Structure formats: structure tokens, C-alpha cells
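So that you can tell them apart, the chains are marked A, B and C in the order they are listed, and the count of residues begins at 1 in each.
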Amino acid sequence: MIGFLARRLAGMVAVLLAISLLTFLIFQVIPGGDPAVRMAGRLATPAQVQDVRRAWGFDRPVYDQYLTTMGKVLDGTVVSYSQQINVEDEIVRSLPPTISLALGAGVIWLFFGVLFGVLSAITAGRLLDRSLTVVALVGISTPAFFLGALLLYYFGYRLELLPLGGYVPLTRDPWGWFTHMLMPWLALSVAFIGVYARVLRSNVLDTMSEDYVRTARAKGLSERRVLVRHVLRNSLIPIVSLWGLDFAAVVGGGAIVIESVFDLHGVGQYAAESIARLDVPPVLVVTLLVACAVVVLGAVVDILYAALDPRIRLAR
Amino acid sequence: MTPPPPGMKSPPAAIKPPPAGGSPWRLAWRRLARSRATLAFGGLFLAVVMLCLLAPVYAREIAHTGPNDNHITETVKVGGKTLEVVSPTGVPIGPTWHSRFFLGADANGRDVAVRLLYGGRNSLEVGALATLITMLLAVLIGVLAGYFRGVTDGVLSRLLDVIWAFPPILLGVALGVALAVGGLDLGVVKLHSGSLLLPALIVGVVFVPYVARPLRGQVLSLRRREFIDAARVQGHGHMRILASELLPNLTSTIVVFIPLMLANAILLEAGLSYLGAGVQDPNPSWGTMLAEGIRLTPGAIHLVLVPGLMLVAAVLGVNVFGDGMRDALDARA
Amino acid sequence: MIKRSRSSGWLSPFLAIVLAALLVAVFSACGSSSNSSSSTTNASDAGGVTASSPTLTVLMGTAPDSLDPALGASTQSYEATWLAYTGLVTYTHASGAAGAELIPGLATALPTISADGKTYTFVLRKGLLYSNGQAVKASDFAYAIERAIKLGWGNKQFLTGYIVGAEAFDEGKAHSISGIKANDATGGITVKLTAPFGPFLNVLAFPAAGLVPASTPMKPLPNDPPAGVGPYMITHVVPNQSFDMAGNPHWAAEAIAGIPGGHSNIKVNIVSNNQSAAEQVLNNSADVFDWNDTVPGTLLGQVHAQASSRYAQEPTVSTEFFFLNTQAKPFSSQLAREAVNYALDRRALSRLDGGQLTPACYLLPIGMPGHPNGPCPYGDPSAAPNTTKAKELITQSGMAGTSVDVWSEPHPPHKEYADYYASVLNAIGLKATVKIVAAAQYPATIGNIKNVNPQTGWIAFSQDFPNPVDFYQLLDAESISPTENHNLSQVNDPHIQSELASLSPVPASKLNSVVPRWQALDEYTAQKAYIAVLGYDNVPKFTSERVDFGALVFHPVYGNDWSTLQLK
């Protein structure tokens, strides 16, 4: 078991290393991406650009730059090229909108996903099931940013019911926080609700045809008891871990587009703006953070599964 | 946006003894043909594809303009009235429901309906290419990892981990920005920056782990079965076993994944194009049209509704059809 | 069935802990951190902004590149820093041509300039205090210049290129700038130049040349800007989100003539969505729409209907043009270049800019001394284009069918300009393809003669100071460089060079006398069609109902003058 854990840990570190290297190299390859030219100012002479290069170490070999930057990332002193502010501070500052978005949307999609899924399953084949399935399918097929733009237009611009984007901290103005987050939450949740409703529906239907459920029914338990006690509990288990992984994905990447559409100034938007500015340090740090979250959660799931299922452990 | 990981689709049970009535494939086809909804939506998707393929005909015969022709200072006659295609303050005309500018104009005075169809060709082409790339790579990696296990599996699984953990939008945007100007030049392969293969490659690679992992899992469990051991005992080589014993059992899984991946590829391409990292100028695509609509002319909502609704229609068609196909192949549902 | 997700109920408690931790993070990080150490004493001096003055909100679409004056070089940052960091000289706080006049700032008077134009002598006012209470010394000027150079101010070439010893200091060969001499006892400051440079006084009016205490750390301070002398100080900086302008408690006592004390506290919020920002100003929930942003065309109708008394279009001294590479086909041919000028419909381009472009053909914009008055050589830019003539010229030039890459960047409407431009080039007989490059890559890409050598593309230039020398750097053969080129048309014209050589050293005070020569030079440039001008930018001056619109000065260099921002 220890050996297995150690191997998984080593694997995780290797993955993170590979990701940081890949991100760094992508930006090296970009033509015209030399940050020194931008940093030296509008009408800089070649000599001035060269000075900037030397001051920031852009003239050193790639591996040297990589190691220096990674070192600064790990001890929290890395600074962005374009604005020369501490990247990690900026990320912490940008966390509240991203987390508000991800958590709020996560709660909404979990609740409605499960609700629609269960309703669909118990009325399988009938009108309610069919309508919910249609809704779910349309939800899955709609890009979140399209939905977000439409919500902004109709509720923000035409009806003036909700604000036109931006973020208000919860501690400053709870109601404002809520009205600003409502449309982003909806836009982000719709697709997930569709996904979860259908997963749950199929899980519930599968579980309901399992032997032990038939046994429970035969024992005389009420349908409701059967549903809640046996069926739901077992159907929800995969949902929970799925939620964890999806949540990590949203915090890291999925939220980028929604944050841009609604101008939330979260981590995702910061990363997107940094890419547009070809500012490597923030992109590097955000990518690593997200990858970390995904890899850690994934490893935890795998480790627990391996602990329970000896076959998988031996097979590796 | 990053489409949600399609975890909800679990591949159907692959191994079933052929039922008395015929091969599983024929049974599945019969079930499929009976479901009207599935066929209807499959038809919807095909209709969208046909329309887009007819783009040049529409442009020539009906709209009398190409997708990139600017008509900024021109006027158009609609029902007797003469209207400006683009107002002096830059507001483009909405749908005229006539042959010219049927769905309106964009900021550059270009015909939205024409661009929609040409854009559809690009979006669908990228989606299809990406799906092909995903399936090829995923089958290769999943099968090799699951069959050979050991070091091969270790390396390939780590590769999948790297792709999986890399935030797809960030990867897509970073690659898109990196390759936008110069294209890709690997000596052997040279792609200019306007090539559709670039966004297809990015989208295709992003989805490889989604398919490769379940396939690997399936191969792992198949591998332990008796018929594989029997084949080895008979002295069959690895390649023969892979081709004749393993792959046929994976076919239904693979087939089920295809429409799923196609839907996700089209959605991811739209998201990447929205962020400027997908299809490059001057090629239109539904994603770039959405981006222009959302960013450039807030208030000219037809520029958002038109490409968006078309996108939803196409993806919905694929999703419902794919659903129906999965149900048809999975005897239990 | 093989499920993708595999786990047991063991995972739930783990996730619960993770969630709890995240919630803690949300609430602790909520309310956002503000890092500033402003010591606002309750200065109740008359004339000036106090804590009890009303607070007005400004919405900016793009955050200032830096609020540290030694680094900030964007118009957004100047808008704030010029009111907090006064230099030896500064601009008059007025709109139009009056605003371009320089007046003494922290110096007692405009400097005496030696006959050869290379020595500037100032005397510092006595008894000045920084916003943190420290006394202002003459040697602080030298420190401010050193700081701007060391930290890499975006326009530092104006300092290192002209002040004696500045380049050596920049390269680390000297510990101070030999060309600057300051005497703290007398307050005397002397600046020696390597060669006479007409706009040098304008350079000293930049906030980067604004005095700061010598105790200011020699490192970037964007989130906690240094102390300075001015009616305002910058406080509560939250990068990419907001910052405040509060009254400088020591300002009223300085009583420097010509610089208003200000009326209101200012809160600046960064709102990237122009639509949202315009809406907020329209319905009076915010006070000022930043002039660097564009009011969306679809909203203009409403603005004109509901807010005509608080909206105006102000001209800026900036030019948008397509450069035409004279060293590569097809624009090595004069006829091809003329064809482009004939074929472009500037009215169409103006529509793409929401109607905010004034069509034109001359490089020097309206408001810049030297802007010619004569008619344009290749057709009236406000009228329909002459496509037939353009086609003829292309055929004549022998360049028909040449492939042309049209470069631009994605920010609207620059991409739209390129799309339109390409369709025009295709219509007159060339084969144009649009190449859009991320904004951050754009200058480096089009400035790269070695690897890219761009044939044509969009570029805009706005004035650093009101002297035509600024714009003519774009056509100066000496600006040509293989990888950081600024002379994008790669013009090497002996007539331009000789004129520049004699016109550049003319000091600001004598500029009016050489205006006719600048006009002649600009007409020459237009006639040679080295570039294809689109026009000059107009920007919105747009406020809420409660702001005194008429009192708000729109400064020709810095835009909205916040020291004149006040309630009715």
C-alpha cells in the first residue's frame, strides 16, 4: 500500500512538473512574444530593449529562466511582466468571485440535477420524464457563454432587473452579491444540471432493477423507504465524486468564459487576460493551481478506489 | 465554455452473447429505427449539415454576396423602404427577412446568413476533424495502455494525466495564441495559421483522456477474460489479438462515444473561438460570430441569437441522436 | 456497466472538509484586501479636497498600467498621476490649445535656456511639502529622474536619449546622472542635454519627472504609490479593480498658481464592459465615463435622447493610419500607395468606430501645431472613394494580383478595420489576407523587419506632447531597426531627414514660428502617400446628471481633468 501511495505521489509530481514545463515552453515558442519589447515602452531603442532583457533575465537560456521562475513561484515572490505586481497576491484577491461562482453554481446544479434526475427516473417513460429529458438535452447543448450573453441582454439591458455584470463582495453587500451572481450561476449551471439529471436518472433506473432492491420490496418496505434508503443512497455516491471533479474543473478553467462575459474579475478572467497580454507568470501559477486541484482530487479518488479493490492495485 | 466532462455517459456493457434473433448490431439498428425522436433529431443535424454545405449556392443565388464582402456604406431596399446596412454610429441592420441580409448584417456590413452557413462549414469541419483525432488517439492510447500494462501503461497514463489536468481552456487559448501568427512548423508537418487543422488539433487532443480512460479500463477487464488467454495459448501474436479479439468488443463503446465527442468538440471550438484561440480570421465560425456579437455590438442581439441558436440546434441534433444510439445499443435501458 | 467515477461513501466527509475550508477562504478573502498607507489628516484648509468633500465615481475600462509615476505610461495612468506628481513644469489646466501651454509647477518660473539650447536652469520653490509631510529638496528631482530610468518608465528614451550622463546611468556605468546638478541650499537645478531638443520642457512635464522624496524605495510601487506634490494623492489601490484619489492635505498651503485644488474625492472603478459602464453613467449610478473607452453605438441613440446636455465628442490629438511598407511589394510603388488612399472610404471606417473618427489624410492631427489646412491630395476623405481610379493605379503600377497580408489586433474596432481594408484591397486588384495577432504580440510582430517585414497594417499614435517632432519619429529613418522598428513604413526620405534635423531642436517657445514649415512637411508626406490615414479619434466626454459638465475641463493631453470635477 505504501509503495502504491509513493508511486502515485511521484506520478502527481511528475504531472505537475510536466504541466509547468509545457506552459513555460508554449510561451517561449510564441513569435513576437518577447516581453522585453513590450516592457521597454512605446518607442524604445534596441539598446533599451536589451537592457530590459538583461534586467529580467530573458537573455539567459530557457532552462535557467524556467528554474528561476519556478523558484519564485514556489516561494511566492513571482511578479507579473506587464504590471509588476505579485502574482500570488493578485490570485488571492481574485479568488472570491471565482469561488462564489463555482460554489453557488455547484450547489444549484447539484440540487436541480438530482431533483430532475430523480423525478425523471420515477416517472420513467411518461410525460414528465420526457419533458425533463428534453430540457436536460437542450441544456447540455447550449454553450454557457451564449446563455450568459442572452441573460445579460434580456434581464440586464432590456428589463433592467439585474445588474450588467461586475462583482460585489458578500461581506460588503449580501443582496448586491446575490443579484450580481444570479445570472452567472444560472449560465454556468444549466449544462451541468442536464448532465447530472441524466446521470442520476440512469443510475437510479439501474439501481432500481438490482436484486437487493427487489428483495427490499419483497420484504414489504414502502416504495418511499426503498427509494430513499437503498436506491438514492447508492445512486448518489458516484455523483458526489463527479461533483468534486467538476467543481475543481470549474474553478480552474470552466469559469473563465463566464467570468469574462460577466466581468467578474476572478481567477479565470485574470488568467485569460494574462494570456492575452502574453504575461507568463500569472498563467503559469493559475495553470499549476488548477492542475494541482484536479490531480490531487483525482489521486484521492484513485487511492480510495484502490484501497477497496485489490484487483486494481495488483494490476498496476 | 469548457463543456462539462461527459462523465454521465458510461459505455454500455460490451460483452453479451448474441441473442437468438440476430447479431446485436442488427437488433440495435431495429431499436434505433423505431425511436422517432432519435431519427428526427438525427435528421435535424443532417439538415444543418446540408444547409451549410450549400453555402456557396445561397451566397451566389440568394444573397448575392460573399461571406467577407463589406457593405458598410451601402443601403438595402426592404419592402419599399431604403435602409442603411450600417448606421453612421455603427449599428448594423437587423434581419430583413428578404433575400439580401435575410438575417441582418454585422458591424462590417457583411451578410449574417451567408456567414452563418460558411461559418457552419468551418465549425462542423473542425468538430468532425477533432472527433476523428480524439477517437484515433484515444483508441491507440487506451488499447495499448490497457493491453500491455506495465511501463507502457505507466507512461501513457501519465500522459493522459497531464492532458487531463491541464485546464482545457487555458491550454487551448495558450496554444491558439502561440500558433495564431506563424502556424505550426515541425519540419515534417507544416500548417499555416489559417488552417482549420490547428483548432481541430487543439480540441481533439483535449478530449483524448475522456475516451482513453474508459477504453483502457474496458481493455483491462477484457484482458483478463478467457478468450484472450485462449488466443495467447494458441500462439497468436499481439497484433492479431488486438485486431481480431479486442477491437470488435470495443466497437460499441467507441461508436457510442463518437456523437458525444462531436457535440463536445463543436462546443469547445465555439468557446475557444470566443476567446480568440480557435478559428482564425478571416474564416468565420459560429464561435467567432458569437464573440463578435457579444463583444462588438451589445444591443444588436441578432448577432448573438443567430449563431447561438444554430449552434444549439446542431449540437442538440447530435446529442439526441447519440443518446438514442446509446439506448439502442444498451439492451437494458 | 463500467462507470467512469468510482468511489465509496468515504469520499463525502473529505469533500465536506474541503468545502468547509473553501468557505472559510471565501469569507476571509471577501471584502478584498486594500493595501495603502495613506495618512489623511483632517486638513480643513480652504481650497482643496477634504474628507468631507463629495465623492464622485469614475469608470475606467482598462486599468492603468501602473500607478507608480516612474512606471505608468498609459493615458489611464497619466489621468491620475499628473494630479498627484507635479514636476518642475506642468500644463495649464484648460481645454484646447490653451491646455498645451506649459506653466511653472514646482519651479518658481519657466527655466532659462542657454543660447545653444542645451542647458536648462530652474529654481525650486521654497517651503514645499510632499503629501506625507516631508520637505521637498532640489536633489529630489535628480532622484525622480533616476527612478524613472532605473525602473523602466515606458518613455524613458526621452530622458536617456537627451540628458547628459543618463545613458551611462541607465547602463549602470555611473551612480548618478552627471547632467543634472541640484543645490539643496539654493534650490537651483541645472539640466544639461547632449543635443538641443525642442520638446524637452514637455518631457519634464510628464508625471515620471514629478518630484518624489529621495527616501522612496527604488522599486516598483504600483499598489502603494509614493508621496508626491499635487492637489491629489492616490490611495487604496486594488490592482485591476479600483483606486481612490483623495485630497492632499498639504496642497492648499503650497498655493501654486495655475493648478486647481480640486473639489471632489474620486473613486475610480475598473469596469471592462463598456456597455455596462455607459449604462451606469446614463442612469446616474456612476459619474464619469472614461474618455479612453467607447460608448457602444447601439446606446448612442439613447444617450443623445436622454443625456445630450452631459455628452460631447471631444477631439484628441491622435491619428489612426495604415502603414505602407515602402521597402516591399506592392507598396514600394508610389502608385499602389496612392491607390490605397483613393480607395479607402473613411466614412465606412468611421462607422466601424461608432461614428467617432474624423476622416482625414494628414499624419499631424487637428490640434497639433503643423496640421496642414490644404485639401487632401488624393480625394476628399469625407466623400465617397474613387475606386475606379484606384484600380487603374494598381494596374499601372504592375502590382495587380500581389498577395498582401493586412495586420491588426483583435481589440474592436481594429480587427474590423482590417477586415474592411482587406475587402477594399481585394476590390482594387490585390490579394489581401487578414492577419490578427493578440494585442500584446502586435507591436513586436509588426516591428519585426527581420522575420515578418509586414506590408501593411493598422496602427494608431497619440501625442506624448504637443510638438510635431513626436509624430515624425514614425517617419524618421533613424527609427528604423531590424527587430524593434517604429518607422513601420520604413521611410528613408532625404527631404524628411533634412527638415527634421533643422526643426527638431526648435524649443517649445519658438514652435509657432516654424509651424508653416511643419505644415509643408506634412503635406509632402501626404503627397508621397507613405501612409494611408484613416482619421483622428474623437472621444466621449460623458458624465452623470449631477456633475457640472461645463466646468469639467477636457485637457488636450490628459483628457478629463479630475481637479475640475465637481457637482453642480
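Keep in mind that, in the parts below, a contact is a pair of C-beta atoms (placed from the backbone, for glycine too) under 8 Å apart; a residue touches a chain by one contact, two chains touch by 3 or more.
Note that the coordinates shown come from a computational prediction; the quantities given were computed from them, not determined experimentally.
Two chain pairs, B-C and A-C, are weighed by contacting C-beta pairs, with A-C ahead. Taking the CA centroid of chain C as reference, the farthest chain centroid is that of B.
Chain B has its Cα centroid 21 Å from the Cα centroid of chain A. Centre-to-centre spacing of chain B and chain C amounts to 43 Å, using the average Cα coordinate of each chain. The distance from the centre of chain A to the centre of chain C, each centre being the mean of the chain's C-alpha atoms, comes to 37 Å.
Among the residues of chain C, those in touch with two or more other chains are 1, 3, 5, 275, 437-438, 441, 445. Residue positions 7, 10, 177, 181, 276, 298-299 of chain B each touch two or more of the other chains.
In chain A, the positions touching at least two other chains are 30-33, 157, 206, 242, 245, 276, 278. Every residue of chain A that touches chain B in the complex is listed here, in rising order: 11, 14-16, 18-19, 22-23, 26-27, 29-33, 137-138, 140-146, 149-150, 153, 157, 188, 191-192, 195-196, 198-199, 202, 205-206, 209, 242, 245-246, 249-250, 252-254, 256-258, 260-261, 268, 271-272, 275-276, 278, 283, 286-287, 290-291, 294-295, 298, 315-316. Within the complex formed with chain A, the residues of chain C that make contact are 1, 3, 5-12, 14-15, 18-19, 22-23, 25-27, 29-33, 63, 65-66, 71, 73, 152-157, 160-161, 170-171, 220, 222-223, 238-241, 270-273, 275-276, 279-280, 437-445, 447-448, 451-452, 473, 479, 481-484, 486. Those residues of chain A lying in contact with chain C across their complex are 30-34, 37-46, 48-49, 51-52, 55, 82-85, 89-90, 92-93, 95-96, 99-100, 103, 156-157, 163-166, 169-172, 206, 237-238, 240-245, 263, 265, 270, 276-279, 300-301, 304-305, 308-309.
In the complex of the two chains, the chain B residues touching chain C come out as 7, 10-13, 68-70, 72-73, 86-91, 107-109, 177, 180-181, 193-194, 213-214, 217-218, 221, 276, 280-282, 295-300. For chain B in complex with chain A, the touching residues are 1-8, 10, 149, 153-154, 158, 161-162, 164-170, 173-175, 177-178, 181-182, 220, 263, 267, 270-271, 274-276, 290, 293-294, 298-299, 301, 304-305, 308, 311-312, 315-316, 319-320, 323, 332-333.
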